[in-house]
Amino acid sequence: ARVTPRFAGLCTFCRYPMLEAVAPENRPVDWVIYGVPFDAGVTFRPGARFGPRAIREASQYVKPYSIEHGVNICDVLSLADAGDAPIKPFALKGTLDSVSEFAVGIGQREKGARLMAVGGDHSIAYANMKATWELRGRPAGGLALVHFDSHLDTIDMTGGEKWSHASPFRRAVEDGILNPRSMLSIGIKGPINAGTDLDYARDNGVTLVTYQRWRSEGVKTIDAFLARLSDQPVYVTFDIDCVDPAFAPGTGTPSIGGFTSAEAFGLIRHLARAGRGLDVIGADVVEVLPDRDVAGITSLLAGHVMFEVLCLNALARRAGRG
Amino acid sequence: ARVTPRFAGLCTFCRYPMLEAVAPENRPVDWVIYGVPFDAGVTFRPGARFGPRAIREASQYVKPYSIEHGVNICDVLSLADAGDAPIKPFALKGTLDSVSEFAVGIGQREKGARLMAVGGDHSIAYANMKATWELRGRPAGGLALVHFDSHLDTIDMTGGEKWSHASPFRRAVEDGILNPRSMLSIGIKGPINAGTDLDYARDNGVTLVTYQRWRSEGVKTIDAFLARLSDQPVYVTFDIDCVDPAFAPGTGTPSIGGFTSAEAFGLIRHLARAGRGLDVIGADVVEVLPDRDVAGITSLLAGHVMFEVLCLNALARRAGRG
Amino acid sequence: ARVTPRFAGLCTFCRYPMLEAVAPENRPVDWVIYGVPFDAGVTFRPGARFGPRAIREASQYVKPYSIEHGVNICDVLSLADAGDAPIKPFALKGTLDSVSEFAVGIGQREKGARLMAVGGDHSIAYANMKATWELRGRPAGGLALVHFDSHLDTIDMTGGEKWSHASPFRRAVEDGILNPRSMLSIGIKGPINAGTDLDYARDNGVTLVTYQRWRSEGVKTIDAFLARLSDQPVYVTFDIDCVDPAFAPGTGTPSIGGFTSAEAFGLIRHLARAGRGLDVIGADVVEVLPDRDVAGITSLLAGHVMFEVLCLNALARRAGRG
Amino acid sequence: ARVTPRFAGLCTFCRYPMLEAVAPENRPVDWVIYGVPFDAGVTFRPGARFGPRAIREASQYVKPYSIEHGVNICDVLSLADAGDAPIKPFALKGTLDSVSEFAVGIGQREKGARLMAVGGDHSIAYANMKATWELRGRPAGGLALVHFDSHLDTIDMTGGEKWSHASPFRRAVEDGILNPRSMLSIGIKGPINAGTDLDYARDNGVTLVTYQRWRSEGVKTIDAFLARLSDQPVYVTFDIDCVDPAFAPGTGTPSIGGFTSAEAFGLIRHLARAGRGLDVIGADVVEVLPDRDVAGITSLLAGHVMFEVLCLNALARRAGRG
Amino acid sequence: ARVTPRFAGLCTFCRYPMLEAVAPENRPVDWVIYGVPFDAGVTFRPGARFGPRAIREASQYVKPYSIEHGVNICDVLSLADAGDAPIKPFALKGTLDSVSEFAVGIGQREKGARLMAVGGDHSIAYANMKATWELRGRPAGGLALVHFDSHLDTIDMTGGEKWSHASPFRRAVEDGILNPRSMLSIGIKGPINAGTDLDYARDNGVTLVTYQRWRSEGVKTIDAFLARLSDQPVYVTFDIDCVDPAFAPGTGTPSIGGFTSAEAFGLIRHLARAGRGLDVIGADVVEVLPDRDVAGITSLLAGHVMFEVLCLNALARRAGRG
Amino acid sequence: ARVTPRFAGLCTFCRYPMLEAVAPENRPVDWVIYGVPFDAGVTFRPGARFGPRAIREASQYVKPYSIEHGVNICDVLSLADAGDAPIKPFALKGTLDSVSEFAVGIGQREKGARLMAVGGDHSIAYANMKATWELRGRPAGGLALVHFDSHLDTIDMTGGEKWSHASPFRRAVEDGILNPRSMLSIGIKGPINAGTDLDYARDNGVTLVTYQRWRSEGVKTIDAFLARLSDQPVYVTFDIDCVDPAFAPGTGTPSIGGFTSAEAFGLIRHLARAGRGLDVIGADVVEVLPDRDVAGITSLLAGHVMFEVLCLNALARRAGRG
């Protein structure tokens, strides 16, 4: 950044190199980050297809050293931008398949690389989770998941449409990719369409830390979940709408009364469990809708969420874990 | 919402039916919501006349079930949108009279219906309070009031103009509509024009919980007020500018350093007194100025404030009170 | 407008009555206007699903008397807003079918009513044209069409997807709904993907008045087309992107270097053929994307395009034609 | 401008000196420019009260030499900013009186100074015209007027309110301030509320050059008017909404299909009658509503309209006229 | 404010009088406030040169009485706006010299006046601190400093450029103007370019209260610093980017996860040490970039920060200190 | 575009390949396009440093086939994006040198490649012209130039600063790079600072087609210039501010009353001299300031200007010239 200014040059995520340009000594890369410019899964406002592009641009201002964790992620991890996954604008399920295939392909070429998908609407989380699960050899029982969101995303819509941004985790549970008993949802809040919308998550053992619960009890339930998880690998999905629209106006289904950015960062950092880090094996950051954004703050926030999630893994890696 | 998408159809408040279209089995309605597209009472930025329209549009995304309270307000209450009150753009007092008359008329036709006015500037609170008071048979001593605001709104301007958005509660006290000893003002903050601007409220026994007081003592004074109020009916007025401009940029006299949306919701929900609910007999939400809004977040916030206030009454109603 | 101010009340198109509220003496209505909040047909920016809502709001400021034509359309025509057609957010062809069915249903109930669809993306033109054609008894040879657009919309995409906003008129020709030899496209301009994209239109006899052709020859070719058309009924489709993005920034595939609003109005008014009017039997106004709009000028323009098209028919009607 | 950059310093209109700071050798000033931050006369969108402030800021970039006329207005005219007139936010007629009084006072102190009022809504034109008329000794028959506007502003509203931005010229005619037979309205266009809205202007001999008439006949009627006017002094009123909303989005009652900025400048410049200039004895520029503006282009346009009007007088002055 | 409305008149900071217009009885003034429209020191987004202008406009709505402190600053302090310092757009060091010289000149004319500079980028803090230090007779050891910021601003860039908004305090330490052991930096946060960027501050004894530290320990370290400082005079520098971009989007190097406005006000007010006030001898508020602002909230925040800092001194003055 | 959607993938200018990724069969490339993210040369609003980035993003929607010219530029020319030139944010002349050197280096590696620079402010035109001139062997007499602009850019500022966006062509003339007698300036307009600002251009034989001159005489003078130029190679510089701010709000020194986009395109296309094309040997497009842009229309316009200029050369190339 001090050689080329941050306002110059082509835009890759956080100025990490393009995958094809990674130096041999940095291969195989540790994390491959790719965009999924797709929003056919939305139920309200479309436009998240422009999310990856906006986040690439805004993230030119994301720096590599975390004061809070005392770690420079670029010293610990080899990171790369693999461009955008192939998508089919008019086909929801077809796109999820093609994204998974793309991601698996990369993971096979870059042995051991972990996958971070940048959305796009939340439906794409299914595709990246599935690819992660397949690259791990389809572990029985499915993956563990930390899920930041205002919405449960385990809803089946009345129209019968099974694939949308309201249902990725229900589909992932059904397909054995996700273990609902190892799923922690943070930031859920109302109002919702019906009380029964909570049933699937509750019936399947998902741990719910609603926004209100967090206000009243703090990180108690989260700590219990993490203790249970121990050093097991975990996938992290971050829907930007768990942060209040004042901080993240650029999203399609804004939910009033959410976290401040600082609170959200505090929660992600808390997953580092006092410096141990977290064995994050895959991640996504989704639901950035640039046309509704203001001064680019939502995209800039998304770039920093990517950074904070990578920090968790950098700490674990530095400590010899994950 | 799962039959007609939230981006389709004509816009009524929160997708509640228009009053003339309410099914017979849902009559008389419990709450009549109406707009007051009026801003001739402002002292700084006009434009709140477009508030009702913007809130109708944004509130298409307000859902009926509160996770926090565990109640679906549409199961408990019959709600309707009565359109906009007749206003006279060039006549302040004349408009207040015509709004009161309109509201009383509705209340007489829909026996027992409560009135929620959506502003418009804060001057209109007088009109809706007066109508509420009249429909209740002009109770001696006046109504109790919970008042969310950055400003006291009990100021007489030097020019001699008695009617404006700076004075509705002073006028209401003078006319016997409002009991100042049963008035709680939450969120008041400086800077103000002069120290003496606080005198009227203090001299008349209004309970003041300034923003700073809330930061230091929490809900202590509020709880004392509620205990004193017991199950007495109460009117709720919510000026959107008690929320910080980061969350509510679309307002005419923004006040820096206010509540977050989550804090404001927490305070409204606290009025439910651990599930008892509140016998809210009338309400207003005011001072939304769409031309200054950003990504519609102020209007969306206003829609959710309406919802949270209705929840208070739904809880009371479900518990057989209010 | 002088009784209820233009900033008050619920929003219907141009303040015309809702269809169910039309007085008996104004029935059957002459024109039924309905929204199609749909954008799954786009190839670039989505968001036109919010077009009908934005146009309803902006068109509160559309007045009924044309100085230019000397006609008050509300004196000549009975106009109504029928709300939004049912759409299926995740199904392109299914939506076109359901919109057609909805429109035919209205046309059958309101004998002789003409249909104006307000988009939504341009794919929906197919549905409204088809309904118009069916209500007319499926005339052999298909309808005549005046088409304002920057794009030909007769393109088949390489992916094989047949239904999108790039192809409605190709589909309409194939299905016998549209007669390409009676089709006039005004405002077409480059750059385009390939020179061969012009072939289908040219091979099938569409009359092309590109923007550049209009600049050099004026209305000569248009006049020849109108002369050939004589008093035959005609469908009018207006894609807002034929107007330059300075005037219509709120659209999904903006095309730089287009008409000014005044030039576009001049061309529509020219279709009145010096006061004869035009027997417009159906129409649509499409591709308004409010999230990209600025100060609502695109939506306001769309409302006035609706007005100008209705004027054409009002003149013909007043003259005993159409 | 080359000593202090245009982004530095307090903002006066076009960087002209404040009236109290004008050097003795430049006194009495030729033109006094003052703001009227008032919008209680509007029928639709308020907010023009912020017009003077926004125009002061944007006009920091208005330079003094006209290439088109070959004149540097600051070499020919002594210009000053007198600040804002005193207004009464809650009193329409009271404000017009107080503005007139303020303007007459200035004119009396600065012998021979002409008055340019910067609005604010169009109702204020009455006040500045009246002051101009009084300073001239109340000439019998009233003043001549060149009026740029989309609207006639000679309408009486049904509510009976006589003072608003729809009626200033009707009031001025009634009070003998304005001679309707010496009034030229340029840029009028539809749609309007009713055909009869044109009657007052037509019946009283106002010369109407509608936008459409100008498109078809050019400046023919304008030239005839100017010839008739000869070297008689004339007042110029410019409502920014005669320019299309693409160029002037920041206004309260936008009218689609108007002049481009270049066309508007061409028309003002044409009033110079090939270098003779025009004996402009007073002027106003009104209806700038900054909250609807985009990148400040409307305010910047207004600043340049002020400049172009002053050029007319500078030319006349240089030629020994006016 | 109750005589002239807040939307009228020319704009000075917080409506304080221009320095040349201060009444004799209010001379010498206590605080001179001036703008520095300069941004050639930025490393990322330029545009802060328009900060003073925007803050002057927004601060029309800053009132004089603090409810929180119970003080009316205009009763205690004589305040004035001295316009903008002369700057050289193409010369960074030359500008700092010319600003210092300008400020010293004012301080010499207004005996005892303190200087508040309004930026502009943070490089200008050096100039105002230097002027303050010189007017105090160049006290050995340098000034004490309370520094609100997300960034340390003690960085030397690799290019060798010594003057920029990244280094003002390093330069001030080197020149003896600032005592690093009496410097408190509040709100620092990551990510940063490298861990070594913290070295200079740590090695020189700067007290660091990072955002995260404040979250975990509150004001403990701040209180210790204040205790050590005792009643020593102190300079206050406030970089608006220490406040989260949701509250202050209008800045050039936004830092996600910062203070809310209310938290920032709480921290400034805390410096009053329970009513003692603070002997603030100079101050600046910097890094407001209006082109990125939203509804003017950043500029309005900056105006209130100015107010809160002045309150600290008003309290001290009222108590006979400072 | 029909394989990868236009909203996917990393952004290069108009989706042309990155220089290092050009296939061997397309080498050497015909045009190398590069960005110059630099704005230290501005006299008013900075921010054009973000121009290249914004134009890369917006130009994803620029297609390759010109209907107007009947040419697909990608069939005729090999085009590539070389990224951004190295710049020195704090050094104006140093940056111009480093840009020239960078451009010469590319031109030497890609034999015969022509250079298109994308600004950045207009000062950078000097650097690209100089590189072009050097690669051509420093032709005596200097290059011919077609210059689109509102401003002459041949001004020396009073401060003595020789390098800025007001003077590139004066410097180029002085250095023998540009032949002022072969320079055509199109679109110049007032107001300007002083009448003498025109002297340098007039005294040195520059052909001036002011906006007003073009309105009155059309392309007469342009045609005479082109005739004189014959098939001589020519450099084209396009300052986006020659287009009216309604079409190009995103610029630093907007000039009211300019070309529409369509008029500007018409003028560029006219340089093709009825299909002959133009031997364009270098070009730049400058002064796009994204922070002031609206819905990206200025950047999109800039992308199409690049396309239209390339068309001129494609036509000449196809015809065996240039």
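For clarity, chains are labelled A, B, C, D, E and F in written order, and residue numbers in each chain start from 1.
Assume a contact is a pair of C-beta atoms (placed from the backbone, for glycine too) under 8 Å apart; a residue touches a chain by one contact, two chains touch by 3 or more.
Note that the structure is a prediction, hence the values are computed from the model and not measured.
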| item | value |
| --- | --- |
| Intersection of contact partners for chain C and chain F | A, D |
| Per Cα centroids, the chain farthest from chain F | B |
| Numbering shared by both copies at the chain D-chain C contact, with half separating same from different | different |
| Between chain B and chain F, centroid-to-centroid distance (C-alpha), Å | 57 |
| Gap in Å, rounded to a whole number, between the CA centres of chain E and chain A | 38 |
| Overlap residues in chain B, where contacts from two or more other chains coincide | 5, 7, 43, 45, 49-50, 89, 159, 244, 246, 260, 292, 294 |
| Touching pairs - complete list by chain label | A-B, A-C, A-E, A-F, B-C, B-D, B-E, C-D, C-F, D-E, D-F, E-F |
| Complex contact set, residues of chain E against chain A | 43-45, 157-159, 188-195, 197-198, 210-212, 215, 244-246, 249-250, 253-254, 256-260, 292-294 |
| Complex interface listing, chain B residues touching chain D | 39-40, 42-43, 45-47, 49-50, 88-90, 92, 159, 161, 164, 291-292 |
| Contact footprint of chain C on chain F as seen in their complex | 1-3, 5-7, 61-68, 70, 72, 244, 246-247, 260-262, 264-266, 294-295, 297, 300-301, 304, 307 |
| Complex contact set, residues of chain D against chain E | 4-5, 7-12, 18, 35, 37, 49-50, 52-53, 56-57, 81, 83-84, 86-87, 89 |
